[in-house]
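Chain IDs A, B, C, D, E and F follow the sequence of writing; residue 1 opens each chain.
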Amino acid sequence: MAGTIAVYPGMFDPVTNGHLDLIERGVRIFDRLIVAVVTNPRKTPLFSIDERLDMLREATKGMGDIELDAFDGLLVRYVRQKKANVILRGLRAVSDFEYEFEMALTNRQMASDIETVFMAPNLEYIYLRARLVKEVARYNGDVSHYAPDYVVKKLKEKFHF
Amino acid sequence: MAGTIAVYPGMFDPVTNGHLDLIERGVRIFDRLIVAVVTNPRKTPLFSIDERLDMLREATKGMGDIELDAFDGLLVRYVRQKKANVILRGLRAVSDFEYEFEMALTNRQMASDIETVFMAPNLEYIYLRARLVKEVARYNGDVSHYAPDYVVKKLKEKFHF
Amino acid sequence: MAGTIAVYPGMFDPVTNGHLDLIERGVRIFDRLIVAVVTNPRKTPLFSIDERLDMLREATKGMGDIELDAFDGLLVRYVRQKKANVILRGLRAVSDFEYEFEMALTNRQMASDIETVFMAPNLEYIYLRARLVKEVARYNGDVSHYAPDYVVKKLKEKFHF
Amino acid sequence: MAGTIAVYPGMFDPVTNGHLDLIERGVRIFDRLIVAVVTNPRKTPLFSIDERLDMLREATKGMGDIELDAFDGLLVRYVRQKKANVILRGLRAVSDFEYEFEMALTNRQMASDIETVFMAPNLEYIYLRARLVKEVARYNGDVSHYAPDYVVKKLKEKFHF
Amino acid sequence: MAGTIAVYPGMFDPVTNGHLDLIERGVRIFDRLIVAVVTNPRKTPLFSIDERLDMLREATKGMGDIELDAFDGLLVRYVRQKKANVILRGLRAVSDFEYEFEMALTNRQMASDIETVFMAPNLEYIYLRARLVKEVARYNGDVSHYAPDYVVKKLKEKFHF
Amino acid sequence: MAGTIAVYPGMFDPVTNGHLDLIERGVRIFDRLIVAVVTNPRKTPLFSIDERLDMLREATKGMGDIELDAFDGLLVRYVRQKKANVILRGLRAVSDFEYEFEMALTNRQMASDIETVFMAPNLEYIYLRARLVKEVARYNGDVSHYAPDYVVKKLKEKFHF
C-alpha cells in the first residue's frame, strides 16, 4: 500500500476541541490528513471561510503534517481531486450515526474506491457541537472548555465587541 | 508515520460475507491487517477455534496480506503485543453503535495509544449477523447469499450430515 | 388482487392485550389472518404450545375470522405453505425496530414475494412485553391491565397455586 | 371484508426509486392504492404539484391500478373523503421511526378507524432520501441509481439548463 | 437539606397537556417549582410571551405552589439567580433523549451544582409535541385531547377568527 | 410537601464509580435516599447480597444520610413499604432509555403515586457498566478508574486469589 490520504470535511464554524481531538487521532493513523472546510452556499455560517481557515490554522499549529483547505461541490469529487482515498468522520451519538451512515453509503455509491472511516472523539467532547458553543458564547457563557483560546477570543469579538 | 497495523477482532462463528467485506476494506486502508478470532471461554460457539480459522483461511485466500490469529484475554493487551495501533470494527445499526462505543471508549481508557476505527459494510450486509445465518442454516434455509461457499458447506455438515 | 392472507407469528407466552390489539387491527385490514405460535426448541417458554393456543382461542373469541396455528422451522416456508403473502408484526420501540428490520429483510431475501407489514399497537400497550407481564405476575403483582382475564387466571395458576 | 384502500402520502419532491419500490409493494397487498402528493403551503418544494404529479405518472406507468392525487389539510380528513382505511408509510431508519410513530398515533387519535401500515423499502434504498438526491443532482453528481430516468432528466433541467 | 427548588424551562408555545402532566409531577416531588418560558429572540413562536404566560396561568390554576416566569439568556444563570438547584425536563422519545443529554451535560459543565432531572410524562402524551398541536389546529382538526380548553380556544382565535 | 424519599434500586454487582456518582447527586436533591440491592433469584451475580452491601457501605462512607438495604419482589411494593415516593434511576445511553422507560411506565401503572426520576451520571461514567468492569477485572485489566479501591480489591480477590 502506497499511503493512505484522508480528508476530514466539516463546517468548522468554528473549530472546537472535539474537532481538534479528531484531527489529532487522524494524524496518528493516516499518512496524510487534509482538513477541508465545506463552503455550502445554502447555509449561513457565523464565520467566513477565511475566518474558519484562520482559526483552524491557529488551532492545529504543531499538530503535524496537516493540510488545510476549503471546497464546494460534491465531497467525493474533491476527495478524488486530492488523490485521497479516505473520508474521516467523527461519530458521537445515535442521531449522528444515521446521518453519517446515509452520507457514507451515498458517497460509496458514487465512488466505491473511497472509504469513510469513523472515529469516536474523546469522551468529554461526545456531546459537544459547534452549534452549542455558539449558543453559549452568544449569551456570554464560558466556552473555554469547548474551544481553543484563539477561537474563544474570536467568538467574543463576534458577539460582544 | 511508519505504518498502521490494524487488528480486526471478532467471534467469526462463522465468518460471513459481511466480515469479508470489512476485511477487504481494511486491507485497502491499513498497511497490515490481523484478523483475530476471540476465544472466550464463557461463550459456546458453534465452531471450534480451529474450524473458524480454517474457514477464515479459505475465505480470505487471495485477498492480500492478512494475518489470521486467535487470542484470549484483553483485546488491548493483544493489540499491543502484535505492535498494532488500530482496532477495526464494523458498524451496522444503532444497536451495534452503543455497544461498540462502550467497547471503544473502555479500550481507549486502558490504552490511549490504540485507536478504534469504524467502517460500514456493504449496504446489502447491513442487517447480516452470524447468529441469523446459523438460525437459517439450522432450518435448512438458503444462506448462500450470506456466506462464502466453503462456510455454507461447513454449516450443512454441522446441522444436517 | 385475489385476497391478502396475513400470518402474525409470535411466541404468545402468554398472549397479552398488546397482541390482541394487533390481532384486531390485522383482522380489519387483511382478508384472512393466521395467528401462528412459534415452537422454538431452543427456548424454554413458560406455557406449552397447547396452553398458548388455548389462551389465544379464549382471548380471540368473537374477534372475527382468525385461524390459530403453531409452526416450527423457517417462517417464510410456513407462510408459503399457508398460501399467505404477508407477515404482520407489531412495532413498539426503537429496540424492536432494528430487530424487526433485520428479520423482515432476511425473510425478504429468502422469499421476495412475501411482504412484512408493521403496525403500531394502541399507545397504552407500547411498552408492554410478555416478559414483563410474567415478571410482575411471578411476584403476585396485578397484571389485569396487561392481559385478558383468562390469561391472568392461568398466570396465577402457574405461579401461585 | 369489502376491500382495503390505502393512501400513500408524501412530498414526492421528486419521486425516487425508494418511493416507487414502496408503491409496488403497496399495489401487491392492497385492493387499491392512492398516491397522494402533500401540498403544504409552508414548505418550498423544488418541484410544483403539477411537476411532481407528472413525474409520478411517468414513473408508475404499467405498475397497476394506482390513483395519483394531491391534497392539502389534514391527512385523516383526506383519507376519509377517499373512503380509504389505510395509510401506507415507508420505514427506513430509527430517525424515521419516531417521527412516523408520532404521526401514526396522532392520526389514530383523530380517526381510530384508519390504520397506518409500515413497510420496509428494498435494502438498497434504505438510506435514500429525496433531499439527498436533490443535493447530489445540484452538484451535477450521478443520481441515476436513485431515481427513474424521467426524474433524472427533470432534475438536470431544474439545476443545469 | 433545606429544600429543592426546580425550574421547568420550555417554549410552552402553547402549553399542552403533556407539559401540564409534567408540572403536576414536579409539584409533587419538589419543594417549589418555577415554570419558566424561554424567550429566544432567534425563534418565531406562534404566541407572544404574554400570551404564553397567560395560558400557563389559566392552565395551572389550583395546581399548587407554582411560580410562572420568563427569562432569556443562559438557563443556568437564570436557575442560579432564582436560587434553584434543579432543572426539570420531560423525556419522551429517543430523539429527545440525545438532545436533552447534550443540554444537561453542557449545563452541568457550566454549573456543576445544578442538576437536571428527567421525568416521563403520562403514556398518552408520550408522542405529543406542541408543534403537532399547532399543525392540527391550523387545519381545524380537533386538539381537545392535547391541550386544555383555554388553549384550544386561543389556538382557534389565532388560526380561524 | 413533607419530604421526598427516594429509592435507588440496582444490582450493584459490584458498585461502580457511576453508581456512586448518582448516589451523590441523589443525596443532594432528595430529603432521604435509600440504596436498595435487588435480590433476584433468577440471576447469578458475582457477589453475594452481603458482599454487595459491604462494598456499598465502604464506598458511601461520609456521603451523607444514605440507607443501605436489600429487597426482593416488586419494586413498587418495596418503595411503598419504605414510605418513599420516588424511584431514582441513572440514564446513560439510548439502549438504557427504552428499558428504563418500560420499567418506569410499568411501575407507574401499578403505583401512580410513585414517580421515577432519571439523572445523568458524570460524563466520564456514561459508558460504564458493572458487566464491563467484571470482564476487564477477570482478565486482570486495570479497573481503578471505574470502581473505588475497596471494590477493586474485592474483584481481585474474586478472580485471582
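Here, a residue touches a chain if its C-beta (ideal position, glycine included) is under 8 Å from a C-beta of that chain, and two chains touch if they have at least 3 such contacts.
Everything numeric in this text was worked out from a predicted model, so none of it was measured.
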**Prompt:** Going by the contact rule set out at the top, which chains touch both chain C and chain D?
**Reply:** B, E
**Request:** Scan B-C, C-E or E-F for the interface that duplicates C-D, counting it as a duplicate when over half of the contact pairs agree by residue number.
**Result:** E-F
**Request:** With over half of the numbers shared counting as same, classify the chain A/chain E interface as same or different.
**Result:** different
**Complete:** Of B-F and B-D, the pair joined by more C-beta contact pairs is B-F
**Request:** Determine the centre-to-centre distance between chain A and chain F, using the mean Cα coordinates as centres, and give it in whole Å.
**Result:** 38
**Request:** Please report how many Å separate the Cα centroid of chain D from that of chain F, as a whole number.
**Result:** 47
**Asked** How many angstrom between the C-alpha centroids of chain D and chain A?
**Response** 34
**Complete:** Two or more other chains are touched by the chain E residues 94-95, 98, 101, 105, 123, 127
**Chain-to-chain touches, reported pairwise for every pair that qualifies** = A-B, A-D, A-E, A-F, B-C, B-D, B-F, C-D, C-E, C-F, D-E, E-F
**Asked** Contact residues on chain C for chain F in the complex?
**Response** 93-95, 127, 129, 132, 136, 139-142, 145
**Residue numbers on chain A that touch chain D, as the complex places them** = 73-74, 76-77, 94-95, 98-99, 101-102, 105-106, 109-110
**Item:** Footprint of chain D on chain C - complex, ascending
**Value:** 1, 4, 25, 28-31, 85-86, 91, 94, 97-98, 101, 104-105, 108, 115-120, 123
**Asked** Where on chain E does chain C make contact in their complex?
**Response** 94, 123-124, 126-127
